[in-house]
Amino acid sequence: MWKFILRRILIMIPQLVLLSALAFALAKAMPGDVLSEQIDMNPDITAEHAAELREKMGLNDSWYVQYANWAKGLAQGDFGYSFKYKMPIEDLFAERVDKTLLLSICILITTYILAIPLGIVSGRWHEKWPDRIITGYSYLAFATPTFIFALIVLFVFGFILNWFPTGGSVDIYAEAGTLEYYISKAKHLVLPTLSGALIATTATIQYLRSEIVDSKIKDFVRTARAKGVPESKIYSRHILRNSFIPIAAFLGYEITGLIGGQIILERIYSYPGLGDLFINSIMSRDYPVMVAFIMVGGLASLFGTLLSDIILSTVDPRIRIQ
Amino acid sequence: GGGGETKPASKPAEGGDKAQEQGSAPFPSVVKNDKEAVKDGKLTYGIVSGGPLEGIFHPNFYGISTDAEAMDWFYPGLLSADDNFQYTNDGAAEYEISQDRKTITLKIKDKVKWHDGKDVTADDLLYSYEVIAHPDYKGVRFAGINRKIVGIEKYHKGETDKIEGIKITDPKTISITFTEPDPGIVSGIWDYPMHREYFKGVSIDKMAESKQVREKPIGFGPFKVEKIVPGEALSLVRVDDYFLGTPQLKQVELKVIAPAVAAASLKNGEVDIAMLTEDQYEQSKESKNLQLIGRSALSYNYIGFKLGKYDTAKKTSVMDPNAKMADKNLRQAMAYAIDKKSIAEKLYKGLRIPATSVIPPAGKPYHDKTLKGYEFDVEKAKKLLDDAGYKDTTGDNIREKDGKEFKITFAARNNNALAEAYAKFLLQSWEKVGLKVEFLDGKLHESSKFYDMVEADNPAIDVFAAGWNTGSDPDPSGIWAKEVGFNFPRWVNAKNDELLTKGTSPEAADTKFRIDVYNEWQKLIHDEAPLVPIDYRYDIYGVNTRVKNFDKTYGTKVGYHDIAVTEKEPVK
Amino acid sequence: MAEKLLEIKDLKTSFRIKDDYYAAVDNVSITLYENEIVAIVGESGCGKSALALSIMGLHNKERTKLEGEILYKDKNLIKVGEKELNKVRGNHIGMVFQEPLTALNPLMTVGQQIEENLDYHTTLSKADKKERTLQLLDQVGIPRPELTYKQYPHELSGGMRQRIVIAIAIACNPSVLIADEPTTALDVTIQAQILDLLKEIQSETKMSVVLITHDLSVVAEMADRVIVMYAGQVVEHGLVEKVFRQPLHPYTRSLFQSIPTVLDDQERLHVIQGTVPSILKLDRKGCRFHPRIPWVSSDQHEENPTLHEAEDGHWVRCTCYKNFYFENSIEGDSHDITQSK
Amino acid sequence: MTLLKVNNLKVYFPIRGGFFQRVVDHVRAVDDVSFELNQGETYGLVGESGSGKSTTGKAIMNLIHPTDGQIVYNDKDFMKLSRQELRQERKNVQMIFQDPYSSLNPKKRVIDLIAEPLRNFERMSPTEERKTVEMYLEKVGLSPESILKYPHEFSGGQRQRIGIARALTLKPKLIIADEPVSALDVSVQAQVLNFLQDLQEEFNLTYLFIGHDLGVIRHMCDRIGVMYRGRLVEEGTSEEIYEQPQHIYTKRLIAAIPDISPANREQKVAFRKQVQQEYTEHSVDFFDAQGRVYDLKNISNTHRVALP
Amino acid sequence: MAAQVETVHTTMKVEKTPSGLSVAWREFRKDKLALGSLIFLILLLSTVYIWSFVLQQDRVTEVDLFAIHQPPSAQYWLGTDVGGRDIFGQLIIGTRNSFTIGLSVTLIISIFGMGLGLIAGYFGGSIDNIIMRFVDFMMILPFLMIVIVFVTIIPNYSVTTFVFIMSAFLWMGKARLIRSKVLAERELDYVQASKTFGTPHYKIIFREVLPNLSSIIVVSFTLSLAGNIGLESGLSYLGFGLPMTSPSLGTLINYASSPDVLQNKWWVWLPASVMILILMLSINFIGQALQRATDARQRKG
C-alpha cells in the first residue's frame, strides 16, 4: 500500500513539472501583465514608471528565465509573490483556502446527504413515481445554471424571507471562538451551501440510481433473498454497499474540484474564498498566482485520483493495492 | 486609480456652485435629513465589489479602489482640498508655499494623532516618501509631481539614502522642495504619512504583506479599525479625541456586498450606504427608504483615434501622416455621428452626461463650460465625409475612400454589463453615416488585453473606446504630452506642447491664467479631435433615509466624523 | 413411502413480456418426499430454473405471475407474504445456485455471508454463530475453516466458492435443498467432489434435495427420482432406475441418444431437430415435442397430453411415446432447421 | 505423416510487482509442451480449467506469441518465417472458437462473416465471392438464403456452423477447435460433433480438439494429451488414456466422470474413493520437488506418461 | 457425403431477434416521452435552423437605445434586452448557436476520444500506456483556467474557436469510456477470430470492433450532447462567453446576473433558460430510451 502510494507520488513529479512549464508558457502567452490593469484609468503612473516597475518585478525576463527563478523558489518551498496582492502566495492562499474548503466540504457533504437518499429511493422504486419525481428534479438541477439558482435562493431566503445572511462568511461582531461565532459562520454557510448542493446532486443521484438498478438483479442479491434476508436488509447490506463503491471512488475526483471550484457562488455570496482569487489572477495577469493555482489544482486532482484509488481499494476487497 | 486622490473634507468653495450644477442630472450630492441624530449610532457601509477586499489598508500599497473606499474612513491624507482640488488649511495639516513656488511647507496640527495615541509627525511623512521612492518599493504611488522632489530620483536609484529636497524643521513641520514650480504642488503631493515607529523592523519589500497593513492598520482618521474579517468586512469604532471633534457615530461596519445584491441590501436595510451601478440604480429609484445622492466623477469616457506610433528609442510619439484616421474631418464626422445624449440618458439611464470636453465638469474650474462638444448631427457628419472625399461609389451605403474600400477597425473594452451595447451602438452610429467599422477580432476585449494592445500601438487598431480618470490635478501632460507612453492617440501638436508647458509654468500658479490656458487647450483638443470625449460618469450612492451628513460634494467641509444616524435601526 | 415435504400443484409461472404473460412453467405438479434426491433434467430453456425460483419466491414480483399451489407444511408459499416467506427461505428451504462466483457478495467475507443466514433464523449468540459457521465450513470440506472464514469470495477457487454457497444453503439445516445446476460451471474433478459432498450431506441430514441439471450422468449418479422437463412441462417422471433402464418419452429417449459417453462407442450421435421453443413462440396446444419429431404423425399425439402412469411410479406425458421410433438407422442424422424466409 | 509439430512450447505470462512494476515472476501457462499431430487424425487436449489448453491452441494460431519453442507445420518453422510467408502458411491452420455467440461479430451479415478470410487472401469479384460463400454455407448445411442474415437470427448450433464454414473458406489442413461444443446444449452438441466428423472425412482435416468434457473427447479423438498446470502429464490413444491411465492425475480425471448407468452408482463411488486415496498417498511420486510435472516418458509406442 | 451437403428445411423457425435499429424504434414507441421528445426536438430544431436563416443576425444584434428593456409586445414578441435588441430573434439564433456548439463539441470529442480510445484499448500495452498517461495529464489540467487563458489569447474568437477550445478539454472522458469497452471487446472471440483470418488491425478496429460499440457511442453521444448545450452559460457568467455578434442561450441567460433583470425583466432570461431546459430534457429522454434499447436488461417488459 505505502509502496503504491509512494510510487504514484513519484509518477506525479514529472507530470507536475510539465504542468508548471505549461502553466508558465500559457501565462506568458497572455497579453498584458499585472501592471496593465493598474494603469487602467490612472494617469498618475507614467509609461516609463511602469516599465521601471516591470523590470523590478522581473516581468521583462523571458518566460523560461522566470520559470527557472520560480522553480528555484519552489524548491525552497517558496511559491512566489503575488504582484497584485503584494504578498507571498502561501500567505495569500492560507488566508482564503480554509473558507473555500469549508464551503466546498459543506457543499460536498450536503450534496451527498441529499443525493444519497434520493438516489436510493430512485433506484429502489425504479420507474415508479418516486423515481420519476427525483429524476425530474435531477434533470432540472442539471439544466439550471448555478448563478441563476444561487441568485434566486439568495433573494428568496436572504432578502424576501430574511432568514439567512446574504453575504460574507461570518458576522464581524461575533467574537472568534464563541458559540455565537460558530453559529454565525454556520448561518452564513447555509445559503451558498444549499445553492451549490441542490444543483450538484444530479451526478450522484443518477450514478447511484443506475448502480442500484444494476445491483438489484445481481446473483448475490438473489442468494441473499434465498437466505430469507428481509427486503430492507437486502438493500442495506447487499445492494447499497455494492452500489456505493463507485460513489465512494468518485469522492476523490470530487475533491479535485474543491480548490477554486465555487467561483460563482463565492461571487454571489461575497464569500472571500479562493475562486475569486483565481479569476482575478487571470484577469490581472498575476502570473505567480496563476501558476500556483494551476499547480495546486493539478496537485489536488492528482491526489484526488490517488485518493479515489485508495478508497476503492479499501472498500472493495477485490481491488487490493499491494 | 481609485479614490485615494480626492479628499474627503474641505471647506465649501467661496461662491462655488452647489453640486447640482456640476451636471444636468438631478442628484444632490449630500443627503437631506433634518431629524435629530441618535447618540452613539451604528452604521453599516456597503463596499460593492464582485470579489473580496484585497485587504491592503495603507495608502502607499493598496491596489484596488475598494480598499481605498474603506480607508477613507480611517486613513485620510493630511491636507484637505476645496472644490477646485486646491489644498486648504482645514485638514490635519496647514501648508505654505514658498516664494519661488518650489517649496511647500506642511505643519501638522497638534491634536493629530495616530490611532495608537502617538502624534503624527513630520518624520512620518518623510518616512512615507522614503518608502514610496525606495528602490525596493513595488507599488505605483511614486508618481506624478512627487518624482520632481529635489534629489528624490537619486534616492530612488539607491545612490543616496537621504532625500535632499525634504527637510524636517521641527517634529511637526516638514518642507518639500521641488525642482520646478509646478502648480501641482498645491493639489498633487503625497500627503499620506506613514507611522515610522509602527513599521519598525519591517523591511520595505515586506511591508505590503505585513500585519501592520493587513491586520492592524493604523490611520489617523475619525474612526479606527477594531477588527477585520479578511476580505469581507471591517469594524471601526470612533476615535474619541479626533482632532476635528468626536465623531457622531460610535461604530461603523464596512462590508463587501456583491453588485447583484447592492440594491436589495440597501432596500432591506442591511447596509446604510452603498455605491450603485446603473442597473441597481434603476431598482433603487423606487425604494422609499433610500435617498440617492451623486456627484460627477473625475473621469470621462472617450473614443480615441490612432494617429501614429510611440517611438521607444526616441521616447516620443510620432504621428503617421498616412494613418487611416489622419484626416481631421473624418474624426470630426465620426464624433458628430454619435448620439451622446441617448447614450447618457437611455443606455445609462441618466447616470451619465454627454461629454463636451476632456476636462470633466468635476474638474472645475478648469472645465470649459462654453464648449458644446460634438453634438449629434448626422447630416453634418455626412457632409464632412462627403467633402473629405469619403463617398459611396458602389451604392452599398458604405463609403469608399477615393473609390477604394475603406474599413475602420475599432477596439473596445468589455468592462461592464453595458459595454457591449455601448460599443455596438457606436459602431452602428458610424455605419449610419456610411462608415464601415468592425470590431477588432470581432469582439470586445478584456481590459488588460485591451490596454496592452492600445499601448503597444497594435497596427490593427484605428479607433478605440476607453476612459480616463483625470485625477484632481488638472495638468493633462501625463496623457497628452508627446513624450508620454499614455498618449494613446500618438498625437503630436506644437500648440498642445506649448499649452501643456504653459499650464504647469510658474505663472500657472495664478488660477485665472491657468484656466485660460486649459480652456484654450480644451478647444484645441476639440478642434483637432485626436480623441473625442463621449460621456462623464456619476458616482451614485444609495443612502438610507436615517443617515445624516453624508456629503459627497467635492470640497465639502462635512467629514466622515459628522455622519450620523437619526434612527436606531435602518429604515426598511 | 416417506412423508410429503413439499407439494407443488399445478404450478404455472408466467412472465410478463410486453403486457402479455407467457408461462415458462406450465401446470407442473411435483411432490417431494422426505430424504430423497429428485433430479430435474431438460435442455436449456425448458423451465427448470423458473420452477426452482418459483418455489423460493425469487422471481421479480411485478413481472411474474404465479398460479397454483406450492405447499410447504400446509402453507401455500405463493400466497404467504414476504415475511412468512422469509421465515421459510434459507431456514426450511435452502438453495444452491449455478454460478458460485456471482452468487456470493464480493464485499462480504465468507464468514459474514454464512452467518447472515443464521442471523435471521436462529437466536444464536455471536460466538455460537461463529462456531456453527466454522463447523459448516468444515462440513463442506473447506480445509482451513478459520482462514476461509475471513476470506473474501474472490480469494477462493471455483470449487471452494461452490462449497461456500452450499454451506450457506444448509446453514439452518433446511429440510429441502434446491440445487440449480450446482456443478455446471466446474471442472469434472471438482464436479465429482461437489456431487459427493452433496450426497454426503444429504445422507447425514436426511434432507430432500432437488437437483437441477442437464447432465444425465449426474442424474444417474445422484438421484432417486428423475423429472424430465420439456417446454415448461413435466414429460417424464419416475424412479431413476426405471427411467434410465427404459426411457419412454421421445424427448428423454432422444436425450439419451445424443450424449457421447465414455462407455458407448457409437459412431454417430443422435441429433434432436430444432431447439427448445422460446416461451413466446411456444405452441401450447397438443404435444409440445411434436415439432421436433415431425416424422411421427400427428395422430400419434394426444390432443391434450396428460401424464400417464406407464408403469408403477413411472409417468410419461402424451401417448406418442407408445409409437415413437427414431427416424432412421443412423439415428436422426438430419441437419436441423434452416431459415425459410 | 506428421502435419504439425509442437516442440518445447513455452508460454509465460509476466507477473508484475514491486516498486517499479517490474516483472517479478511468470505464470507458466504452457511450460515446455511437445506433441505431434498426424495428418487426418483428431488429437484431443484435456485438462482442468487453467491448465493451458487454450493457450497452447492460441500459440499455435499465433494469437499469443510463444515465449519459447517451435511450431513446425509441414516442416516449416512458424517462428522462422517472414511475415508474408507466415501469413500465407497460416491459412492452412484455422480455429473454431468455443463460444458461437461471441465469435461471430453480431454486426455483420453472414456473407461478410464468411467472406472475411477470402477478402484478406483472395481477390474475388463480388459474384464469385457470393458463390463461394453460398457453397460453403451449403456445405455446413445452411440454406444459401441465409446469406444476408445476422448471426442473432441463428441458433447456437447454426452459429457454430457459420464459424466452421468461415474457417473452411481458406481450405485449411488443420483446425484447432477450442471447446467447440461446451457452450451448447446436448442436442446441439451432438449435431456439431457429428458435423465435425463429417467434415473431417470430406476434407481430410486434422483436428486439435480442446475440451474438458471427457465424454466428448473420447467420442471424437484418436489420440489424447492430458494437460496439467501447463504440462502434458500423459499422452496416448483414447483407449490407452481411458482404459489404462498411468498418471495419477489422469486416473483422477477419469474417475471423476459420472457414470450414465444408475446401476453402477455404488461401484463408481468406491472407485473414486480408491483413486482419491491413491492420489493422496502417491501423488508425491508423480511430481518433482517443486510440484512440477515430470517430462514425458514413452511407455509404449503411442503412450507417453510423465514419470520421474 | 451427400448427407451434409443437402440442406434440410424444416417448419421450425428460429426466433428472430430484432436488430439494433428496430429495438430502438420499439423502445421509442413504448416510451411516449422519448417519442414525444424526438418529434418535438426535430420540429423545434428545424424551426430554429430555418428561421435563423431568415432572420438577419445583424438586425437582431442591432442596438436600439430607444427600445431598451421593452416588455413583450406585438413588435417584440419576447421583449428586448439592455441594448434594445429583440430577445426573440436572439433566442432563435442563440438556440441555433448553442445547439450547434453543443453538437460540434460533442461530435469532435466523440470522434477524437473514440479514436484514441479505440487505439489504446485495442493495442493495449505500451501504446495504451502512453495514450492513457496523456489522458491522465489532460485530466489534471485546470479546465476553466486554461479555457480562459485560451479565450484571451486567441485573436479571432468565434463560435468555431470556442468549439475547438472546449473540445480540447472534454474528450478525455470519451477516450476512457471507449477504451474500457474496447478492452472488453477485444477479448471477445470474434476479434480473435478476425486475427486468425489475417485481417489487418485497422480493419479489425474499424470494421469489427467499432460497429459493436455503436450503441454505447450513440448513448454517450446523446447524453453529452445534452450536457454540452449549456456549456457556454457558465463561462459567459464569468465574462468569457461568446462575443455578442454570436448570440447564444448562455448570453441571454447571463443577463439574469443583473438582479434587476432577474427580478423584473423575466422575458430576457427566462425563455432561454426554458429553452436550455427543454433541449436538455428532450435529448436526455431520447438518450435514455436509446440506452434502454442498448441495455436489454432495462428494456421495458
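Labels A, B, C, D and E are assigned to the chains in the order they are written; within every chain, residues are numbered from 1.
What we mean here is this: a residue touches a chain if its C-beta (ideal position, glycine included) is under 8 Å from a C-beta of that chain, and two chains touch if they have at least 3 such contacts.
Each chain and its UniProt protein: A, E = Peptide ABC transporter permease; C, D = Peptide ABC transporter ATP-binding protein.
Computed from a prediction, not measured in an experiment: that's the story for all the values here.
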To reach subunit C from subunit B by way of touching chains, what is the minimum number of steps? 2
Count the C-beta contact pairs for A-B and for B-E, then tell me which is higher. A-B
Top of the farthest list for subunit C, CA-centroid basis, is B
Where the centres are mean C-alpha positions, what is the separation of subunit D from subunit E, in Å? 47
Distance-wise, how many Å sit between the C-alpha centres of subunit A and subunit D, to the nearest whole number? 55
On a C-alpha centroid basis, what's the spacing between subunit C and subunit D, in Å? 31
Give me the residue numbers in subunit A that touch at least two other chains, ranges are fine. 30-31, 151, 155, 279
Overlap residues in subunit E, where contacts from two or more other chains coincide: 3-4, 6-9, 14, 152, 257, 259, 262-263
Within subunit D, the set of residues that touch 2 or more other chains is 141-143, 153-155, 158, 195
Going by the contact rule at the top, pick out the subunit D residues touching subunit E in the complex. 58, 61-63, 87, 90-91, 94-95, 97-99, 102-108, 116-117, 120-121, 138-143, 150, 152-155, 158, 163, 166, 170, 195, 198-199, 201-202
Residues on subunit B engaged by subunit A in the complex (per definition of touch): 1-2, 5, 49-56, 61, 63, 135, 138-140, 142-144, 147, 208-209, 214, 227, 229-235, 253, 255-258, 260-261, 264-265, 267-268, 270, 299, 315, 446-449, 451-453, 455, 467-471, 476, 478-479, 484-486
Complex interface listing, subunit A residues touching subunit B: 30-33, 35-51, 53, 56-57, 83-88, 91, 95-96, 151, 154-155, 158-159, 162, 166-170, 172-173, 267-273, 276-277, 279-280, 283-285
List the residues on subunit E that touch subunit B in their complex, please. 61-63, 65-66, 68, 82-85, 152, 155-158, 239, 243-245, 257-264
List the residues on subunit E that touch subunit D in their complex, please. 1, 3-9, 14, 16-17, 19, 188-190, 192-200, 208, 211-212, 214
